[in-house]
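Below you will find the structure I want to go over with you.
Per-chain numbering from 1; labels A, B and C assigned in written order.
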Amino acid sequence: MSPAAESPGRRALRRFLRHRLAMAGLVVIVLFVLVAALAPWIAPADPNATSWTAIRRPPSAAHWFGTDENGRDVLSRVIWGARASLMAGVIAVLSAVAIGVPIGLLAGLAGGWTDAIISRVADAMLSVPFLILAIALAAFLGPALENAMLAIAIAAAPVFVRLARGMALDAASTDWVEAARALGNPPWRIGAVHVAPNIVPALMVQATLSIAEAIIAEASLSFLGLGMQPPDPSWGSMLNSAQRFLVQAPWLAVFPGLAIFLVVLAFNLAGDGLRDALDPRGERR
Amino acid sequence: MKKTLAALAVGAALAAPLAPAPADAQHLRIALREDPDILDPTLARTYVGRIVFTAICDKLFDINERLEIVPQLATGHRWEDPRTLIVTLRDGVRFHDGERMDAAAVVHSLNRHLNLQGSFRRGEISIITAIEAVDPLTVRIRLSAPSAAFLSQLTDRAGMILSPRAADAAGRDFGLRPVCAGPFRFVERVAQSRIVVERFNDYWNRDAIHLERVTFLPIPDNNARIANLQSGAVEFGERMEPDHVEMVARNPRLRVVQVDELGYQGIQYNVNNGPRAQTPFGQNPRVREAFELAIDRAAINQVVYGGAYVPTAQAVPPANPFHIREFTPEPRNVARARQLLQQAGVQLPVRVELTVPNNQDLRQVGEVIQAMVREAGFDLRINAMEFASALQASQRGDFETFLLGWSGRVDPDGNIWAFVHSQGGQNDGRYSNPEVDRLLDAARTELDPERRRALYAQVWQISLRQDRHRMYLWHRRNIFIHSTRLSGYVPVPDGMIRFQGMRLN
Amino acid sequence: MGIWLLRRLGQVVPTLLILSFLIFGLQQLMPGDPALVLAGEERGNPEVLAQIRAELLLDRPLWEQYLHWLSRVVQGDFGFSWRIRMPVGELILEKLPVTFQLGAMAFVIAVVIGVPMGILSAVRRDRPADWMANGVALFGISVPNFWLGIMLMLLFSVELGWLPPSGYVPLTEDFWQSVATTIMPAFVLGTGVAAVLMRHTRAAMLHALSQDYVRTARAKGLRERVVVWKHALRNALIPVVTLGTIEFGRLLSGAVLTEHIFSIPGFGKLIVDAVFNRDYPVVQGVVLATALIFVLLSLVADILYMAINPRLRRA
């Protein structure tokens, strides 16, 4: 057990650092962020430079990840694509969490009509096809990465509403919340102090998983006229155009796919570690 | 993972005896690229629907592989005068419901095409002023003006003859159970899943039909369509991709058949439609000439389509008698393009937007063009758009340049007039030149092929080389892949599948 | 309980009403004139366009279109598809069983793979079994459906010839053939959901295992198996139920890509085609049906919450 004098913040940090897998995840994330930030300096070639004499070449010494259907260097495109994909994945999901969780907590704790209205709106939003939203937004906002992130966030928010609500309902029925309520604490305080910590594990899991969905969603959006427009790369759109050549040029799908896998894996590992660190009872056996 | 794999293996082992059973002896399964729309010749709009109609509904006339018009339900035609057409009909033809196909039925169908609410055929044959049954096997059609293209309309849906009894009984629901006089009768349709037809034993040309049953399966995914062919789950695939050709080249059980299409792909420029035409690009033909000179059609074709398509500078494909042989694409000339931009006195780089419908290969075309014109001093921005949105943007003039295709018609008028004439409904760039209008109208009514061809040559010279109102890129090819068990398939440029003579061995 | 259920069901009506409003509004915001799309290659003819608009009431004010549609829907008539002229109600009834079968199979696959894997990896935390389970699950969610779908198709249909590559046979027509046509798409869909369930089960189990009552149970000397199954798992299920019901709903409405690849004539494809073709009666009908599904699923979720946590019944 840690000494009683240690502050919660320090303890969290210490636990996190001890968690080797989480550290590994964090290192990978930092690496990807660095890659994205330093893309202009570390990419071996211009990601949009075409070469008609070298289309769909398999990986080689000159092009480690091969070349794509326009003779562009796949490695450089994966490096540059990290920018759009990390932004789409992380920022969109963070926004969805920021919108969805407070609303969900409110529904679960307030109950009654508030809950009924919020829940039914969430049901309604879940049943509006993402496509309709995306096409409408594309027309109004035009093709920009921020707009794609907005669309993804709006679409992902109801999941967090429902998740937070379900957990809040459960937590609210516990004795200590009953007690807090009896003492006259307002719902927001109960939510923030008593319920929120208990829903962290589920939220962390869902948020880190949603990153994968968001990265892939960005691709379908760029296809509809939201998000990155050609020739600028994102992992999702690279996967999209790889579809035509699954058999003839498998490396076109493998490398961006691998990049997505690594990022998702890293975020999940780091998320696990963060959750352990934040969980007040999470001292490991 | 082990568990997953094991589960998979068990599942697959259980399913082993369920692999696609060998088809009945004469059951042809055709993979379609899309699900057809309504199966009513009067109300139908899609290309893919026409493929199904080829099985169910015969037409007054047909076209052959040389694009010549040949009789089908008709036995012949003659012009009484330039505005009056006499069509003689085949004797002894029955509809699927046993009714007789005669002059009254033809009058009934043409009137339905003209008058049914929501008819898509009206525009094609609105030139008709009267239709009369002269005797049971002769029909007289009067036109409001001489027309070189009219007969060709009767080789498509406007020439399909419906059973009057069934059409009257079903009204607008005819398409749910079409009854015509084609080689196969409609059996069932499950939307987005399959359309089944079976041989019609009283078909007038029964001896030419060897297949007993045809099933049309919409399989929109390109990878899935080729996998279906490779695994033998279907025997025929239409509109396959150029990429598929190399994939099946060494497969002894599949054969590739290619034929030039009737249509084209090109870039439409906004020269006169609203504020977005008010750019140096939209206003100065020299800038557009530079743009065209910066593009190497053959190279794009090579990169994107493996060289499968036919580069062109005009709307009419080489197979068509009205194709102008001498009118060929100008070779790429970046130096000249730069020089033209200099002469035009525009600020470099010239910013242009290219609207591209969201479709994998067109997007790549956009990217290649983007890279090519950059060398000449253009900054091309690609605007990928969902198709329905793109259509509206195009009509409203909310575009600068637009990458688009046209499926094509047998008669050249169907590929040109609506796009180039100032009154044309699909001239979304609002190009307008009175001299070109005059030439197009003259070509429409000119019945002498030589003189008509000369008129089109002039249209191209003025509208393309002088005014540069649009740019034609290439004619695609219809690529069919079918099982080597199938014999007797004759490819025709319209991409239809004619079942006469086809047989599975 | 009975009154509570009735009240919940009563909420369906206003939900659908508001949603129908929303959908009509969104359709107005969407670019793309339905008449232009419907006219196909005849779109150059203004006469054709005017005729389509008149026939479909597109030339009327929006409120009039809405009331017209609503008055029909109240009588159970959802109109007909503009594109293929089939009644929308019939289309939905035709597609729903297909998607339900596919969704149910995918969900069973997901639960069978995901939940035990989640429990296993929580119990064997930080050991190879845990790492492996996490790796597989995260691969499952990262791998694009189209890639997995085509790879399965190439392996089991083209190379081995065991399964039909695509298409669909209804259960009522031929049970085994039906399973054979849906097993690959169900697996593709199931992998993603399995990953979600696995990760949530694992996290919730870890959380539950660290709670006081589990410690107490352990301290009382209860066998580990009893602790895991009776105490921890029960309390771990809340997020799993939430996500399970949402994911199941998504399987029914959002299996578009997989249905596209395997040419399954399902709900997801119906709606995507309808949106791209601006076939609004179909869009409206399908969205209402989807909303009904989601409302019912969230009802199911709430009932399950109560089954898991009896204290909630007081609410």
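By our rule, a contact is a pair of C-beta atoms (placed from the backbone, for glycine too) under 8 Å apart; a residue touches a chain by one contact, two chains touch by 3 or more.
What you see is a predicted model; the values in this text were computed from it and never measured.
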| item | value |
| --- | --- |
| Centre-most chain [mean C-alpha coordinates] | C |
| Pair joined by more contacting C-beta pairs (B-C or A-B) | B-C |
| Greatest separation from chain C - chain, by CA centre | B |
| Centre distance in Å when chain A and chain C are each reduced to the mean of their C-alpha atoms | 21 |
| Distance between chain centroids, defined by C-alpha means - chain B, chain C (Å) | 37 |
| Separation of chain A from chain B, taking each centre as the mean of its C-alpha atoms, in whole Å | 44 |
| Residues of chain B engaged with two or more neighbouring chains | 223, 386, 389 |
| Junction residues of chain C - those touching two or more other chains | 30-32, 135, 146, 150, 154 |
| Chain A, residues touching no fewer than two other chains | 135, 139, 243, 246-247 |
| Residue ranges of chain C touching chain A (in the complex, touch as defined) | 11, 14-15, 18-19, 22-23, 26-27, 29-32, 126, 131, 134-135, 138-139, 141-144, 146-147, 150-151, 154, 195-196, 199-200, 202-204, 206-207, 210-212, 238-239, 241-243, 246, 249-250, 253-254, 271-272, 275, 283, 287, 290-291, 293-295, 298, 301, 305, 309, 311-312, 314-315 |
| Interface residues, chain A side, partner chain C - complex | 21, 111, 116, 119-124, 126-133, 135-136, 139-140, 159, 162-163, 165-167, 169-170, 173-174, 198, 201-202, 204-206, 208-209, 212-213, 216, 239, 243, 246-247, 253, 257, 260-261, 264-265, 268-269, 272, 275, 279, 281-283 |
| Residue numbers on chain B that touch chain C, as the complex places them | 1, 3-4, 7-8, 11-13, 15-16, 18-20, 35, 37-38, 40, 43, 45-47, 117-118, 120, 122-123, 172-173, 175-176, 190-194, 217-221, 223-224, 227-228, 230-233, 386-389, 391-393, 395, 406-407, 418, 424-427 |
| Footprint of chain A on chain B - complex, ascending | 222-223, 241, 243, 246-247, 299, 302-304, 358, 360-361, 363-364, 366-368, 370-371, 381-386, 389 |
| Contact set on chain A toward chain B in their complex | 48, 50, 52, 55, 69-71, 135, 138-139, 143, 222-225, 229-231, 240-241, 243-248 |
